[in-house]
Each structure stands twice: as structure tokens, then as C-alpha cells.
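In the two complexes that follow, subunit A is the common piece, with subunit B as its partner first and subunit C second.
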Partner chain A sequence: MAASEEASRPFAGLSDVSIAEDIPVEGDISVPVGPSRRDDEFSTLDEPVKDTIMRDLRAVGNKFIHVLYPKRSSALLRDWDLWGPLLLCVTLALLLQGGAADHEDQGGPQFAEVFVIVWFGSIIITLNSKLLGGTISFFQSLCVLGYCIMPLTVAMVVCRIVLVISSGRVVFAVRLAVVTASFGWSTFASTAFLADSQPPNRKALVVYPVFLFYFVIAWMILTYSPQQ
Partner chain B sequence: MSSGSGSRNTEPWGSFDDNLIQGGGSAVIDMENMDDTSGSSFEDMGEMHQRMKEEEEVAAEAAATEDDVADDGEFLGMKGLKGQLGRQVADEVWQAGKRQASKAFNLYANIDILRPYFDVEPVQVRNRLIESLIPVRMINFPQKIAGELYGPLMLVFTLVAILLHGMKTSGTVIVRTHTCTHTLFMFLCLLKCSLCVYLQREGTLMGTAIGTCFGYWLGVSAFIYFLAYLVNAQITMLQMLSLLGYGLFGPCIVLLVTYNIHFHFLFYGLWLLLGGLSTLRMVAALLSRTVGQTPRLLLCGTLGLLHMLFLLYLHFNYHTIVEGLLDSLEGHNMAPMQRVARDVPEVMLNATARNPGMLLSAY
Partner chain C sequence: MASPNNLQFQEFEEAAELLSADPGASTLSMSGSNTPNTTASAGEDVKLDLSEDEEGQQESSELLGGQKPSGGFWTFEYYQSFFDVDTMQVLDRVKGSVMPQPGRNFIKYYLRSNPDLYGPFWICVTLVFSVVISGNLSTFLAEQKNPTFHYRPQFHRVTIAAVVIFMYAWLVPIGLWGFLTWRQGAERQIGGYSFLETVCVYGYSLFIYIPTSVLWIIPYDWLHWMLILIAMVISGSVLVLTFWPVVRDDTKVTAVATVVTIVVLHTLLAVGCKVALLLSRRNIPTNSSSYYLNSPQSHNAGLQNRLTNTEEQQGNEDRLF
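The block that comes next holds the complex of A and B.
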């Protein structure tokens, strides 16, 4: 009876784990941690949201500074993230939205167009540099190319401000100068990061598509004119 | 819950069996240093190598997780049993899903197949660009055509950039207007423009430019390759792509110059000179690889015609013509796409056909 009662309880037999006294027991009884996951080092789940956002923002800001002063550092490559490129792309697309058009179909670049150009252009350049034997990874390259759009975005902001004030020959010259300078800056900054990962005799092959890519974006910025 | 050594089927309910991963593959053959770059055999080897590498990785991963999972099970005893089972199931699902995804990815998105076609040096690219404008007279022996995709791809993108530049000229463009009496060209352009207006209605500038350039490169290459296949010419698809891609170098230069300097006679001269030279080079290369008068005529005539007409099309269709300097300077407030139509009394066109109307009015 007692046995049937015991057997009816689930896992009845397992509750009776006893160690015989004549068998010496040694070793340490510690529960293993299990397959170690990388973010078990510190759990970011319990921290306040503000901390998470501030940390990410600080990382993004740090990378912006690295683009402004492009010297050989691995911050952009080692801790890549795509927040910065997304932010820049969205800003640029919003600013370029609604370029002057008297006919809807052939107006200025639309939001989706800018988005597609930036992201697919970056993907193609990345594939190209990988096919040419580059050692940089896919997302690292996307990160670098996206962050280096920053000078062009700044140029776009400047152009828009200047266009609000006036328009004419002098303004066009100013815009041309600003856009050309920022285009050169972008190309130089991105090649400072990308060219290092290539075999030395093929740097030119990697730099050329980057040059084309920023040229197209610079051209879109230069030919933007606000709708009246 | 035993830690099985090589077998994956340790759970009583039968885990996800994958027939591909049997017997802990050890990649005996290292394909990485294969020198054989001839066509398909390299691709197959590359794929096999990828698959073996992937099997290795997955098997190693699976063994590692299995060991950890087994260790846990032994220590956690009664309480952990249900949780243990759940975790194992979840892990198995994850592993299976990951395996499927990486298999699909390696199968369809394996860019390593294209790696040998991008194996060039800058000097080689420069030489090939210059050679694309120099026709070679030897047509009795097959000419060597480089099978490379970097140069052609970059040229197509350059052409896209040049087209954008031509489409979106800022307002400071001066044009000498003059009358043109080439009615045949006018008619052809009208035809092309009406088609273009129809197609452009739903598109964007960038999309149109990319579509045109890539469509021409890929489409005409495929078409000529098909014709070559019909007449049994000795040329592969890769060589055709490469040939036509490098043949776009001449048109690139022509368009770059004539989008900035708007003299029509300059355009016609450059069209004949540079366009003609690059066409002749392609035609000579094809001639050297075809036998028989009729096939040669068919193939080379088609290619020559298409290439010359394409350059003509690009010039006349993507070119904005603006009248007057002063208007355009103040016209920074105007649209980047300047479609200023003069009123031409004999031609009355409505707004939807503004494109041809602009073109006709320019003459």
C-alpha cells in the first residue's frame, strides 16, 4: 500500500536519493553555469532604459568624431554598429525629400530612392571589396561607408540653410564648394578605413567605386533645389 | 541524456535528423589553394569546399552544445528535468533552423563563385580600357578576350553616374540652339521618347538610369550570346559580358564630354569616332571567333547597330536642353529637370507628351 502510494506520486523514486556511508564522497558541489553566453558577463536587461540609450548614443557619437578626424583607429571597425548609418541615411533622405518639381514623376529624389541608393550602393561596394580579397567583414564595411556619409549630410544641412536665405550665382558657388569639400572628405575618410584591409596593389580598385558612390550622393545634394 | 560520442540522436523523442551531416565530416581535401580557374570546375570545387567546411563547423558546434547540455542534465537532477527537456528542444530547433538557413545562404548567395572574375590588377584594368578603343585587325585567329567582371561592372556604374549627371544638370547650362534637318533622327527620337515617357511615368531618375545601363549590358550581352550560340561562334557568356562592358568605355567618354559641351556636331563627331572605334573593336573580336559569311554579318551587324544606336539614344533622351543663361541662373528655384518647351506652332502636344515636345522644339 505504501509502495503503491509512493509509486503513484510522480518521480517518486527520485526523491529518495541517499548516499551510502561507506562510499567516500569528494569533490565540490557547485552548479555549473551552463553554456556560457557572451552577455552573461553583465546583464543589461535590468538597467534603466536611459542607460542603454545613452550608451548606444555615446558609441555612435564616438564614431562620428572618428569620421571627423579620420586617423587610423579601430573604433569604427571593432565595435561596428548600424545605428549611425541609419540615422544619417534617414536625415539625408528627409532633407532631400520634396526637391523642386513641377511634374510629380520627375521630381527630386524621393525618400525611398535615397534609401535604396545608400544601402544598395554600400552593399555593392562591400561585395566588391570582399571579392577583391579584402579582409574586412560585411557589416564592418557597411558601418564605415554609412558613417562616412556624415560630411555630406552636414553639407546638405548647410545647403538648405543657404538656400533659404537666397539663391543665385554666389550661392551656387558656395554650395558647390561646400559639397565638393565634403565629398572629398567622405571619400578620404572611408578610404582611410577601407583601403587598409586590401592587398596594397589593389587599393585603387576599391577606392574607385567608393568615389562613384559619394559622387552620386554629392550630385543629388548639389542639384537639390527647394520647391517654391 | 547520455553524451553520445558521434551520434546526434540522443533524445528519446528523436531529434532533427539531418542526412547531410553524417559521421563528423573531416575535410581531407583543402580546396583553398586550387589554381584551376577554368570555368565551372572551380565553381563546383568552391561549393564543395564550402559545404564541407560548413559540415565541420556544424558538427563541431553540435558536439560542443551536446556536451554542455549533457553535463547540465547530470547535475540538475529532478528539478531540472522538465526545464532541461524544454531547453534541449529549443536548442535543437534553433540549430536546425540555423543549419537550414546557412545551407540556403551558402547555396544561393555564395559570392565566392564570382571571386575569380574579380582577380585583376589596376594596371590590367587600365590597359584593357585603352585597348577597348583600339580595334585589332587579326580576324583569322580567335582574339583573346579577358574574362573579367570588375572593369565592365565599374564602367556600367560610371555610365549610370554620367547619366545622372546629364539628367540633372543644374540650371547653368548654355545651349546654342540651331535647326536640325535630320528628320529621320527626329522621327527615331520621337519614337524612343514616347516609349520613354511611358516607361518613366512610374519610375524615378535613378531607377531609370540603372535600368537602362544594366538592361543594356545584360540584355544585349545575352541576346548576342544567344545569336552566337545559334551560329556556333566561339564565345562564352562571360567573355561577351566582358567585351560589351569594356565596349562601354567609348560611350562613357563621349557622354561625359557632350553632356558638358553642347555642340551637336561635336557629338556626332565623337559618336562616329569613339563610338565607332569601340564598336569596331567588339566587332573584330566577334569576327575572329565566327566562321561563315552570313553568321558574321548577322552577329557583327546586330552588335554594331545596337551599340551605335544605344549611344545615340543615351545622348538624345537623357539630355536636358535649356535655353538662355540668365533665366537658368535665376532658375535655381526651378526644377532640376528643366523641360522648357518653346512654343512650336506646328507641333501642339499636351502635357503628357512634353518630352517629345521639348525635343522637337530644341530643333
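The block that comes next holds the complex of A and C.
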């Protein structure tokens, strides 16, 4: 009661105005729709399937390019998606199969092991950075860490191609160089995206687990031995 | 000079004027509650706690042994309080675990009521991977002389090493803390350490094993044992220096037994890693002609060779030690 009295005080001058009861009060309460708003942006049912797929593919491809040339852009962070990381993880896990491992018990990582390491590793690193007071969101961090596996996947492809040719010491040196370069690239790319979201006196605490994560993946790639 | 309202306002003005006159002057700000704890901690730390409920914090910290959890254990902030460390603090603690000095209790000197979980967790993870990777590399280098050796990354070792190391780093502190708390009884807050501090000191004491395991790549067994001995002495002394002041008030037998148990468990961990490395090297299928040759044929042939070679291997066992 008192609140309504106070609310009506600014409109005190209008208290004399009375609304005639014979004038019906009706109308529409709606936000005026601007002419530039396109319907098909929000209803993807009407567009061809190719458009829907190509939009996502273009977004994924755009992020791959951002990983290739890691600048401090926020494209990876703003529109995160997990398609790229999934694709990379499956490719990497498939490529790590078919080694000497398949015929013996003691061998290389199984498909499930690679998956677990990549995804649980990313989740633990994300939790770690959030617990240390980072401002990045959970899925953004997963997205960045997953996309930055791309140089290592490329290195895996190169290693498998090179191993088809031969498997001597020279080839090992080449593989070592390629894997080391891609590991450095991955770490550098992911810290370029992640380091900004941390308080400055804890950056090293966040970067170290990322370094360890890519080191373990690089180790798995380097020790992949072809079956004989 | 003026009414009580204006007095407070004038205080702020005066301080602001002084600061504007000399911006480089050192300022000291204290919380409004002016408890004696503020002056006590000012001598130790440079930064002062400006929180308003410092009295409440101090009371609860006495009860909980120095922890400052905020909220229930189901909130995110509760766990965030365990990660409240900076890079320099972590590096200091690591340095303290590598260079123990007789006067310095690790918990009192380095942790200072701010135990963290970052160090123990990531040191354990790094230790798991460094032990497995260096074990692989050491095996690989030791058998370089054989052209028929086929390198296999034994990835299942990661799982085993992870289970063993994490169980050691968590179950042993739980047991030790429980035992110490039970022995302390009512006077827990005087000498006892909180659970988190125990876990913290155990985690940081494992750090010395990381460079030790990296140096294991050099494939000489006497070097391995020497490195294990050095690492055990260093990290064992960190643990003993930390826990001796707590147990020495107890009966002589219990005190000595506790310390001996700590050292023995620590020794078992190090020796266990080395023995696992030796065992895994021996599991590689061998030919009857030499010890380290590997047969590239199928698994069954390897098994048969292994069965016929057990006596030879046991004879070779003496040579290793």
C-alpha cells in the first residue's frame, strides 16, 4: 500500500486523468521487429542441409586456421565448438592403432586410452586453470586445448607416412624433429590463447600442465612403432 | 573538533592529502578490527590481511589447523581455497623439499598455514609419466646392442604407476594423519598438522624422485641404486624433520616406530619402482643363446623360450645386484 502510494507520486499530475470505461484498452505488446532481421538465421529448418553443414564446417575450418597462425584473437574463445577436438582426437587415436601393439599385450595405447588421456587430460587442465582463478569458461578451454592438438595430429600423419618408407635411424631423427617441432607449436598456440585469462603471477602454474599434456601426447606419437 | 560524523570524514581527507603530497610514501593500512593478530603477522609477511572478518578467520583457522575454506564442500570456492598459491610460492616449496635444512620444518616454514593441492597433484602426475617414460627409454638404451630388439612402448605401465603413486601420496598421509590425531587426543591444535598439510608435505617430498627418474635413462644399475639412495635420504629427511617435532612428545617407542614407518614406506616406494623396472626388463622374451636377445617371432615362441630360460635368468640375477 505504501509502495503503491510512492509509485504513484511521480505520476501525481496524472491522477486527474481518468480512463473512460467505454474505451476498450487493448493492443499488442511486442518488440518491434527490424527489417534487417532474417528469419532463416534462427530457423534452420528451412534452409538446405548443405548450408547448415557448411556453416559448421566453415567455423571449424576457421578455427584450424587460427591454430595454424596463433595470434591473440578471440575467435577460438568466442564461438567455441567441440567438433574440431573430437575429429582430431578420433583421427589421432585411429592413427595410433595398427602398430605392433595389436598383436601383443604389452604395447602401444589402445583407442580408449588415447581418448581418455586427451579428454580427461583436457578436463583436468581446465579444472586446474579455473581453480587457480582463471576467467576462461569450461568449454572454451576444452575447445582451445582440443584444437591445439592439430599440429601433433599432422606430425602423426607425417610419421606414419615416413615409417612406410623405412624405419632406420635417419627416419627416427626426422620423426623426432617433426614431433618436437609440432609439440612446441601446440604448446605455444594454446598458451597464446589461454595465458591471457590468468592472473599474471600464476601463468606458469597454468602453462605447465598444458606443457605436460602435449608432452605426453608427443611421447605417444614418437614411440609409435610399426608392426613387423 | 567536530561532530563524530565529520571526524571520520576528516580522517580520510587527511590521509588523502598526505598521499597526494607525497605519492611515494609507504602506506600501511590495517583492517578496522585492530586485532593483535595483525601486528603479529606484520613482522612475518609483507602483505596484511584486509578482510573484515579477520577475527572470525583466526578462530576458525585455529580449529581447522590453518585452513581457510569458505562455503560447504560442495561449492567450487571451497576447492578454490586449496589452489591459492602463486608461481613463486610453489617454486619455493619445491626448493624447500629438495634442500632440507635441520632447523626448518617444512610445514611451519614453507606452508605457513596455506597448504595447497596444486603441488602434490601435479608432482604426482609428473612423477607417473617421468617414471614410465624414463623406464621405457632406459630399457630401450640398455638393449641397443641387439639388432633384433624390437621396441615396444609398454603403455599399461602408466596405469599401474599412476595407481601406485597416487595411492601412496594419498593413503599414507591419511593413515599418518589419523594416527597422529588419535595419539594427540585433546591437544590436537598445539602440535598436530591438518590433513591437508600432511598431504602437502608428502606430495612435495616426492618431487626429488622426478629428476631421479629422469637420470634413470642412463642404463647402469649401480647408478640407479645410488640415485635412489640419495633421493631417499633427501626426501626422507624432509618428512622426518617435519614429523619429528610432533611425535617426540609421545612415548619413545611410538615416536621411533612412527618415524621408522615413514622412512620404510618411503623406501618401499623408491625400491618398488626400481624392482618393477628390473622385472619388466626381464619379461622380454629371450632366446636360449644370450640374455638380452629378443626373438622376433610370435608370442608363443617367446613364452617357450622364457620357460626354458628361468634358471639362466636367475643366475643372471646375481650379476645385476
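FYI, the second predicted complex is superposed on the first by the 184 of 228 C-alpha atoms of A that agree within 3 Å, B and C clash if a C-alpha of one lies under 4 Å from a C-alpha of the other, contacts with A are read in each partner's own complex, and residues count from 1 in each chain.
Assume contacts are C-beta pairs under 8 Å (C-beta built on N, C-alpha and C of every residue); 3 or more make two chains touch, one makes a residue touch a chain.
Model, not experiment: these values are computed from the prediction.
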Check the residue A:Lys50 against both partner chains and state whether it touches subunit B (first), subunit C (second), both, or neither. neither
After lining up the shared chain so the two structures overlap, which partner does A:Val171 touch, if you call subunit B first and subunit C second: first, second, both or neither? first
Would you check which partner chain A:Arg202 touches, where first means subunit B only, second means subunit C only, and both and neither mean what they say? both
According to the contact criterion defined above, which of subunit B and subunit C contacts more residues of subunit A? B
For A:Arg78, decide between first (touching subunit B), second (touching subunit C), both and neither. neither
Examine A:Trp219 and indicate which partner it touches, taking first as subunit B and second as subunit C; both and neither are also allowed. both
Need the overlap of the two footprints on subunit A, from subunit B and from subunit C, as residue ranges. 100-101, 103, 105-110, 113, 128, 130-132, 201-202, 204-205, 208-209, 212, 215-216, 219-220, 223-225, 228
Parts of subunit A lying in touch with subunit B, wherever the complex brings them together: 11, 14-15, 17, 31-32, 34-35, 99-103, 105-110, 113, 116-117, 127-128, 130-132, 163, 167-169, 171-172, 201-202, 204-205, 208-209, 212, 215-216, 219-220, 222-226, 228
Subunit A contact footprint on subunit C (complex, rising order): 76, 79-80, 82-83, 85-88, 90, 118, 122, 125-126, 129, 133, 136, 150-156, 283, 296, 299
Spell out the residues on subunit B that touch subunit A in their complex, using ranges where they run on. 65, 68-69, 71-72, 75-78, 81, 111, 114-115, 118, 120-122, 125, 150, 153-154, 157-158, 160-161, 164-165, 168-170, 172, 200-207, 329-330, 332-337, 339, 351, 354
What does subunit A use to touch subunit C in their complex? 100-101, 103-110, 113, 128, 130-133, 201-205, 208-209, 212, 215-216, 219-220, 223-225, 228
